[in-house]
Each structure stands twice: as structure tokens, then as C-alpha cells.
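Listed below are the structures to be examined.
Look at the two complexes coming up: chain A is in both, with chain B in one and chain C in the other.
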Partner chain A sequence: MSTVAHLEEEVKSSAWSGGKSPFSVEYGKLMMWFFLLSDVFTFSALLIFYGAMRFKSHSWPDPDVVFKSVPGVEHGEYPLVFVGIMTFILIASSVTMVLAVEAGHRNSRKEVLNWMILTIIGGFTFLGCQAWEWSHLIHEGMSLHHNPFINADGSTGAVQFGQLFFVITGFHGFHVFTGVIINIIITINVLIGTYERRGHYLMVEKVGLYWHFVDLVWVFVFTLFYLV
Partner chain B sequence: MASQVISPEAVHHHDVHGHDAHGHHHESFLSKYVFSMDHKMIAKQFLITGIIMGVIGMILSILFRIQLAWPDKEFPLLEVILGKWGEGGRLNPAFYLSLVTIHGTIMVFFVLTAGLSGTFSNLLIPYQVGARDMASPFMNMLSYWFFFLASVVMVASFFVETGPAGPGWTIYPPLSALPKAMPGSGTGMTMWLISMAMFIASSLMGGINYISTILNMRTKGMSMTRMPLTIWGFLLTAILGLLSFPVLFAAVILLIFDRSFGTSFYLSDIYLGGEALPNTGGSPILFQHLFWFLGHPEVYIIIMPALGITSEVISTNARKPIFGYRAMIGSFLGISFLSFIVWGHHMFVTGMNPFLGSVFMFTTLIIAVPSAVKTFNYLATLWRGNLQLTPAMLFAIGLVSFFITGGVTGLWLGNPSIDINLHDTYFVVAHFHIVMGCSAIFGMLAGVYHWYPKMFGRMMDNKLGYLHFFLTFISAYLVFFPMHFMGLDGVPRRYYTFTEFEMFTKWIPLNKFITLAAILGAVAQVLFLYNFFVNIFRGKRAPQNPWNSNTLEWTTPVEHFHGNWPGEIPAVYRWPYDYSKPGAEHDFIPQTVPLSETVSSNTPHDFGFHGDESQFVHEYYQPQNLSAAEAQKAKQAN
Partner chain C sequence: MSAHETTISHEHHEEHASMTKSLIWKVFFILLGVTLVEFFIALYALPHHWFSQEIANFVYIALTIVKAAYIVAYFMHLKFEKIGLIIGVVLPIVFLVYFVALMIIEGNHLLFSIK
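Up next, the complex of A and B:
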């Protein structure tokens, strides 16, 4: 134990002993993670509320009957087709985002730019699909006050069905929308070379976290509204 | 100013990031006092806004106390002050409900959440973990200004036609969901919701900043178990806020849709003014679940910073290490975890399944364990300590007293069988005012008295502080203790007048007594306000370390400048509670003192050696292990 004496001057130096980030991440990324954690609770509260409403109700409209239309097809019966396409687009935009982040690690500005633009296009396409679906449902008579679709057991449809659909998919759509706006800002920064001068593309990584989160939330919204 | 002697590199040297936002120190009035991004200034902004909101909340409580004490008497002065709300010298019943609502909202959220953790998290986190500033000074500034706007909107609701929100601070629907239900459900309620949405944004931005700063920006050597307990309190408070406020946010979104867009989330089968409303299938109980999922952690958001401050103040002023440091951390963690699974105890009388009620009772009563750990640790720290009874210390001891008194009635109310009788009575009012109201405000005042020299560079007046403490302490007990007996007799909360009920008229004399005690308490706060505001300008200059404390904030110069330490941030070599360490020269050893300077008081434990002590000493003092210089140093220190 001849080293003991030197311990007197020694400053602790393990990962959690201070002087550095225990996760080796920069503060902004840590803040993003905690913000997402917080948002998880917002969405969980809304979705649990949805679940509680649905269990409380003696019956609920059958999603295969409600969500069966696709654009351009009159009176078509294609349950899950359109929303499947929407979901695929959103997940594909997550993939392009991953590729943008990866290109950022290589400091390849041009590739980041391309993948970011594709991500933005994916986001807008998703929002467009959602707009079509909303207007279609409104056209069929669904609103915050009225639910034209009967329950699976044939009784009058639970009014909360449409209300929750609009509020929760709307809240998610708002997240997608803000995500697209942030993506656009980041893309402009990539375009004018802000991150190239800074020497790293960490911002792309941070908004990427947000974008993946929004996708992940959609998986739950999709499951709860369209599948079960 | 000292800012001239430190190089920009010193300020901006950061292991994790550089402050791009303030590359120079030519501060204008706006950037220094208004849109400041310095954590110390933001802390003062939070504190002073919190004090102003506290005064408003206190005045509201005096107004409704007057109504409760003299329900049939006319006070022409009320009409002069309140206009139509005090018509004929008597308080308007709808306005009475608004007073109760806004008093609760202001005290719970604006004073004891933002005013308490906003102030001390901002002041102490960068100071005590050894950082130049918060992780994101800009978001920190936004956090304050959102809070400020929320305060303005909340107070502004007094000036709308139908008055401020009136459904109680818990804003249960349907009263909060139907704008026409009563005057307080109208515009005032809308403003309440807007204000709280901004408040949630503020607390979110503050919270992620506090957490990131604590996790990422501790100075060298400041491991998690060398952090002062204040920081542990702030860390877990921020995490609680981060996870529970969004649930209130979700509940508020749905409430706004019910209020303004005709949805039926919380509404079902209601008649309003003899007319049936179209809403069906909603559930007001679900709102209560969502609300209390925030509401219960919220009481720990209020009390945990106060407990952290108390740990620090008691240890410093007892000149003893805090008893059971790790147990204190463990109990913080335990309280934080349990706080999320007890909300149902607010809802025992909502028709909850009795079995579920028992589950919530079980989790609720378990909280008594970590709470008792804290209480006993405070008492053990005080035990045979060299007590320095500064005003801060008295307030900290006051917290312990209230925490015990209020905690004991918590055990009563946690049992459904008792709660069903006591629900919505003055017993509940007494319980939570003592355990979270008085405790937390005493913790906050302890913090203000203790860190005032750090905040303003001047000392508060001790004599006024003692007078303030004793008057507040006595009047708080006189106000809230008798309410237990009213509650046991079944006197309900939030009633406008008790002369209407034959069985409650016997409590009118006691109500008068309580009101007089409350006025005494309010007058005592004037002493504090005088002491606080006058000494900002006229107080005695503060020394660098007035309480001989160990923590890092007292190693910074008295003058404030952005960056906190001139030169490098000091490294940390020990935990913050080396008070009266056997063998040490002084009765305190700051965290920045290396073990090599304290050879006479070092213990094997200081080196992380937990084995056989004699073995350690034997090996450590082997002469061949010490260099000549070290041996001499050791001799001198001995």
C-alpha cells in the first residue's frame, strides 16, 4: 500500500466523481432526453385516459369499420391499408433521420442535407395523410360532438371515440408538425454551414432523438386506435 | 468588479460546453437585472417574485379568515378595498370561493414550488456542485419569465368581470369544465388554465436544467455521495416535477376541450340551470386521478427542497455532520418513488373499490418510514450538538417540529376508515397546512436567512429574525392546531358561513381566535419584509463564510460576477459535513481542503478504506511510505 500517501492529494476520477459527464454526453442531449421523458408522461396520461374511457364504455366502434377508406377509391373497404401506408412513411422518415445522424458523424454536409430533406418530406407526407383522414372522417360526420359510427355490439357509438381520436392524434400531429419545423430550421443551418463551422452535427442528433420519439409515440397511438 | 480580473477563458472553460451566449461582460441594466442569464440573479428574481406572490396569498387568506370569524358583521372598509366583491361591507360568497382557490394556487405553485425550488435550485445548484452557471442559462432565463408571466396572468384574473377561478385549487370538473356553472367558472377559470400552462412550461425548463447541471457539471471530485443534501433534494424535486407536471398538462388539455369545444371527457348527465346538457359518458373521477397523479408528487416537490435546506442548515449550525447521510439520500429516493403510487388517498370517498383503497393506504403509510428516517436523523444531528441558534437554525428546527406534528395526522388521514369521516373537514386543512404549508415555508425562510449573505452580500438583522421566528412559529400553531378539533367535529372546509348551521355555531369563537392569530402571523411577516428589503441596501457587509460552512458556495467571493469563481473551479476532496471532526484544527473543514492538509483528522474512511482500521493505520503510517516532504507536512499538521 505504498500508494496510500498519494491518495491524500488525489481527486476522485471515476465516471460519477465529477469533472465530467457521467454519460459522456453534452448537456443539450441530456436535456433532450429528460424532456422526452417528460413528454412520455404527457402521452401516457392521454393514452391511459383513452384506455380508461374505453373500458368504462360497454362497447366501442370497430376500427376496421371506421378506418377503411383510401383516397381515390369510392366506398372502398380496405381496413388498415391507408394508416399502414402513413405509418410506413413515418417510420421511413425515422430511417432517413438515422442516416442523417450517421452522415453527421462523418461530417458529410451534403449527405446530411439530403437525408434531412427526405425526413422533412416524410414528415409533411405524414401530416398530409393525417389531414386527408381527418377531413374524410369529418365528412362522414365525425366531430367533437358527434360520432356517426355504431359500436361493435350495434349500440349507438360512444361519443368519446371521435373526441379522443381528434384530441390525441391532433396532439401527436402537433408534435410531428413542430418536429418538421425544427427539422427545417436544422436543415437551413446545415445548408448555410453552421454545423460545419462548429465541427460537429450534434444538433442533428438531438432533433433526431425528438423525431424518433414522435415516431415511437405514433406506434402506440396506431396500436390503440387502429389495431385493438 | 471582480469580473475584470478573470480571463474570459476562466469563465468559459467548461468540460462539457462553452457559454457562447455571453462572451463579454459589458452588462446593461436589461441584461444584468431583467433578462439576466446569471443563475444568482435569476434566483433573486424567483425569490422576490415568490415573496410578492406570498404576500398576496397571505392577504387573501386574511380576507377569508375575517369572513369566517365574523360571518354576519359588516366591514365598510371591505367595500372600499374590494368594490363590488365587498358590497355592503360583506364578502361576496362567490368571491370567497375565489379567494380560497387563488390562495391555494398561489401558495402551492407560485410560492412553495417556483418561489422555493426556483430560488434555491438556481442559487445553490451551480454554487454547491461547483459550476460556472446552469447547463443552459438561456432556458433558465426563459424559465423565470414564463413563471413571471404565469404570475401576472394569475393575479390579473382578479380584474375580470366574473372574478378569479373559484372551483378550488384542485379545479375539479364539472365546476371547472362548465363556464356557466358559477361566476368563478368563467373567464377567471380560463385565465387560471392559461397561467398554469405557462407555469408548467416554466417548471419543465427549470427542471431539465437543474437535472442536467447536477448530473453533468459537478466539479472534479464532487461525486454523487459528496453532494450536499440540498442538491439531492433539488435533483429529486426536479425529477418529480418533470414526471408529474406533464400529467396535469394532459388533464388540462382535456379540460380545455370540455370547457371550450363541447367534448365530454369529464362531463356526463348534468343539469345546468334546470336544463339538461348533451354530455354523456364522461367521468369527473378520471380528472381527479390525473390531477392527483400530479397533486401528490407536488406536495413532495414542495417539501423536499425544504428538507434539503434544513439538512444543510441544521448540520452547519449544530456543528456536527448530518446524522445518516446515506440514509438521508435513501429516504429522499424512497419518498420520491412512493410519491407516485399514493395519489388514491385523496380519493377514498369517490366510490373507490375498498380493496384499492387499502392498497393506497398501504403505500401511503409506508411513506411514514422515510419521513421518520429524516425526522430522527434531524433529531440525532441536533442531539448534543454545539447549537448555533441563528434565525436560520430556528426556522430549520421549526420545520422539524411542523413536519412531526403534521406527519402524525398524515397517518390518521392515510387510513380510509378514518379519512371517510374526516374527508373535506378542517382536519385535512390543519394537516396539510402544518405538514406542507408551515414546514415548507419554514424551510424556505431558513434558506433565506442562511443564504441571504450569499445572495446580497449583506447580513440580515438577527434580532428581527428572532422576533419574526417566534411570532410566526407561535401564530402558525395557534392558527392550525385548533382546526384539528373543528375537523373532528365534522366542520367542513370551504364553507362561506357557519352561522347557517346550528351545530357549527359553537365554533365561531374559535374561528375568531384563529383569525386573530392569523393576523398576528401576518404582522410578523411585515418584520421579515422590512428585514429582507432594507438590509439589501443597508445591511452589515457579509464576510465570505459567515456560518463557517463547508460547502462550495462559501469559497466564492462575496461580490457576484458571472462565472462564480475567479480562476479555476476548486476541486472537491471530501464530503460536505466535516464539522467538529476529531483531531481537526477547526470545527469545520471545507470540501476544497485536500486530505494532505488534514493529516491529524483523517480516518481510513476518508480514503475509501472500509476494512480493519488498525491494519490501515499500520500501513498508512509506515515511514517508508511517506516522502520526506510529506512526513514533514504530517508532523506540522499533527
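Up next, the complex of A and C:
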């Protein structure tokens, strides 16, 4: 019995005591990773189903024809230009986020604040771009149950196209929106000096993980909807 | 015990030191470069019939996985975490390979049964 008690004592006082993570990351960060892993499976289910729908169809609307418009240009034909700008904005906001995390390691409150504000601006710009693209496509007659675009081979367009596009980009856009909201909350905390008093900027790292994940999903959405 | 903790905090410090500003910008330009290659394929190589759309699709997906790996490894800092965490996060993704295979078989069946 005493050996068991001894072992228990050893476990409690070692790295597995619960006070310190065996992965040497903080509890909240580990849970963020697990949450993101579950989100990976949600997005994968949507995207792989979309892939299966395309795979079973003889033809599919040509992305270069569907996504060819740019704001401010009437009847312009610029395939991929606008979505290219959106991709650049999101990657750039991911960089500003990781720079905020880097500044957090140096406990530089002012720098964290600047990079966080830039990240929020990037997030809102992306959302604005997506809102414009959605309203443009809805204006052209695309909806959850209607697809005005013909397939690449000239046949009637696949009806699932509109639904898959709106549901998947909508789910991603919702993640961007919540990401921006969480970023704003964290920025307010940086502003009022919560993390300075706490002595570390781990919360910025955690929200950073979520923000990079949003960027990661966009990389896949971009490839599967706009390129393939 | 205290010596043990010092080792951990020391390691932790080194991990963070490995993600410098110059490395961040380097990863950014790699991501930007890969995206530009994708644009080049879509807007120049394909219209000029360098290769077929099927080959391009494989290239797109391969480049996307490269970008995803860079984001997860450097921006999400996973490369500098403990091996246990890396395996814990990356290994479950294996299930997706099975999922993809399953849906391709299903899609193939639908493609040839519905005319």
C-alpha cells in the first residue's frame, strides 16, 4: 500500500501532476488545439462532400467564369483577381497576428496592440470583400437552391453549386467573424493592461491559433472552389 | 525538482526564440510565392495548354498542402512543440485520407450509375 502511495506522490509531483502539462503547453492552449482538431473534421466533412459532388458530376461550372468580377468594374472579366486580393488580405492578417504573438513574447504591450489592430482591420476587410462577392453572386441569381451558371461543357449547371458555395464559404465567413470578435476582446484586454498585469501574453497566442486556423481553412476553400 | 523546472522553462524560452521576425516574413513570402505559382497555373499555364486540368488539380492540391504545412508548422508554432503534441494533432488527420477514399468510391459509383 505504501508503494502505491509513494507512486501516487511521485506522479503528483512530476510533470503529470496537472499543474504542468506533459506537452509543456498551457491547459488553455492544449484545449484550443483539440477544439481546432474538431473543427478540422467539421470543415473536412463539408469540403470532402463538396469534392464527392463534383466527382460524381460529368461537368461543373467553370470558376474562371463564375468568379470573374471585381468591385467598381462593370462587366469586367478578371478571373481570380478579386479572390486573389482576398487571399492576400487573409494571409497578411495572419502575419500581423503572428507578429503580435512575437511582440507578446517580448512583453511589448504597444507593439502587441498595433499588430492586433492591424489584424482586426484585415479581418474586417476580408469580411467586407466576402459580403461584396456574396451580394454580387446573389444579384446574378445564385441562391441555396438555384444556380444560374452553366457547366464548363455547356450543359445545365449543377444545382448543388450554389448551396455548397454559400454553406461552405458562409461557415468559413462565420469563423472569420467570430475570430474578429475574439480579436477585439483580446485587444481591449491588451489596451486596459490585463496581460501586462498577468505577466504574459498567452491569450494572444491562443486567439492567434484560432486566427491562423481560419487562414488555413481559407487556403483549402480557395483551392477547391476557385482553382480546381 | 527546481532544476527540472528550470530545464523546462529554458527549453520553452528557446522554442520561442526560434520564431523570429525574419522567419515570420520568410514564411509569409513562401506562402505568397506558392499562391503566385497557383495563379500562374490558372491564368497562364492552363490557357496555353501546358498540361491538362486533371494534372493541374493534383498540383493545386499538393501546393495547398504545402501552404497548410507552413501555416501549421510556423504560424501555429506546432513545429516547435513537443513531439507528443505534434503526433496528437497530426495523426487523427489520417482518418481524413480514409474519408476521401470512401467519398471517391461513392462518387465514382454515382457517376456511372446515374446517366
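Simple rule for what comes next: the second predicted complex is superposed on the first by the 208 of 228 C-alpha atoms of A that agree within 3 Å, B and C clash if a C-alpha of one lies under 4 Å from a C-alpha of the other, contacts with A are read in each partner's own complex, and residues count from 1 in each chain.
Everything below uses one rule, namely that a residue touches a chain if its C-beta (ideal position, glycine included) is under 8 Å from a C-beta of that chain, and two chains touch if they have at least 3 such contacts.
Being a predicted model, the structure only gives us computed values, none of them experimental.
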Discussion item. Output check: A:Phe49 vs chain B and chain C. Expected answer is one of first, second, both, neither. What do you get?
Written reply: both
Worksheet entry | First, second, both or neither for A:Val219, with chain B first and chain C second | second
Fill in: Touching partner for A:Asn107 - first (chain B), second (chain C), both, neither
neither
Worksheet item: Once the shared chain is lined up, is A:Ser135 touching chain B (first), chain C (second), both, or neither of them?
Response: neither
Practice prompt. Could you look at A:Leu37 and tell me whether it touches chain B, chain C, both or neither (first, second, both, neither)?
Written response: both
Discussion item. Which partner chains sit in contact with A:Leu227 here, chain B, chain C, both or neither? Use first/second/both/neither.
Written reply: second
Worksheet entry | Partner chain in contact with A:Val167 - chain B first, chain C second, else both or neither | first
Discussion item. Which partner chains sit in contact with A:Tyr27 here, chain B, chain C, both or neither? Use first/second/both/neither.
Written reply: first
Item to complete: Could you tell me which stretches of chain A are touched by chain B in one complex and by chain C in the other?
Response: 13, 20, 22-23, 25, 30, 37, 41, 44-45, 49, 52-53, 56-57
Worksheet, complete the sentence: In their shared complex, chain A is touched by residues of chain C numbered 1, 4, 8, 11-12, 16, 19-21, 24-25, 28, 31-32, 35, 38-39, 41-43, 56-57, 60-61, 63-64, 67-68, 71-72, 74-77, 81-82, 84-85, 88-89, 92-93, 95-96, 99-100, 103-104, 106-108, 110-111, 114
Worksheet entry | Contacting residues of chain A [partner chain B, same complex] | 1-2, 4-5, 7-9, 11-14, 16-23, 25-28, 30-31, 34-35, 37-39, 41-46, 49, 52-53, 56-57, 144-145, 158-160, 163-164, 167, 171
Practice prompt. Sort out for me which residues of chain B touch chain A in the complex.
Written response: 15-17, 129-130, 135-136, 139, 204, 207-209, 211-213, 215-224, 226, 242-247, 249-251, 253-254, 257, 261-265, 278, 280-283, 286, 289-290, 293, 571-573, 594-596, 599, 602, 607, 619-620, 624-627, 630
Response to the item:
So, in the complex, the side of chain A touching chain C is made of residues 13, 15, 20, 22-25, 30, 33, 37, 40-41, 44-45, 48-49, 51-58, 64, 79-80, 84, 87-88, 91-92, 94-95, 97-99, 101-102, 105, 205, 208-209, 212-213, 215-216, 219-220, 222-223, 227-228
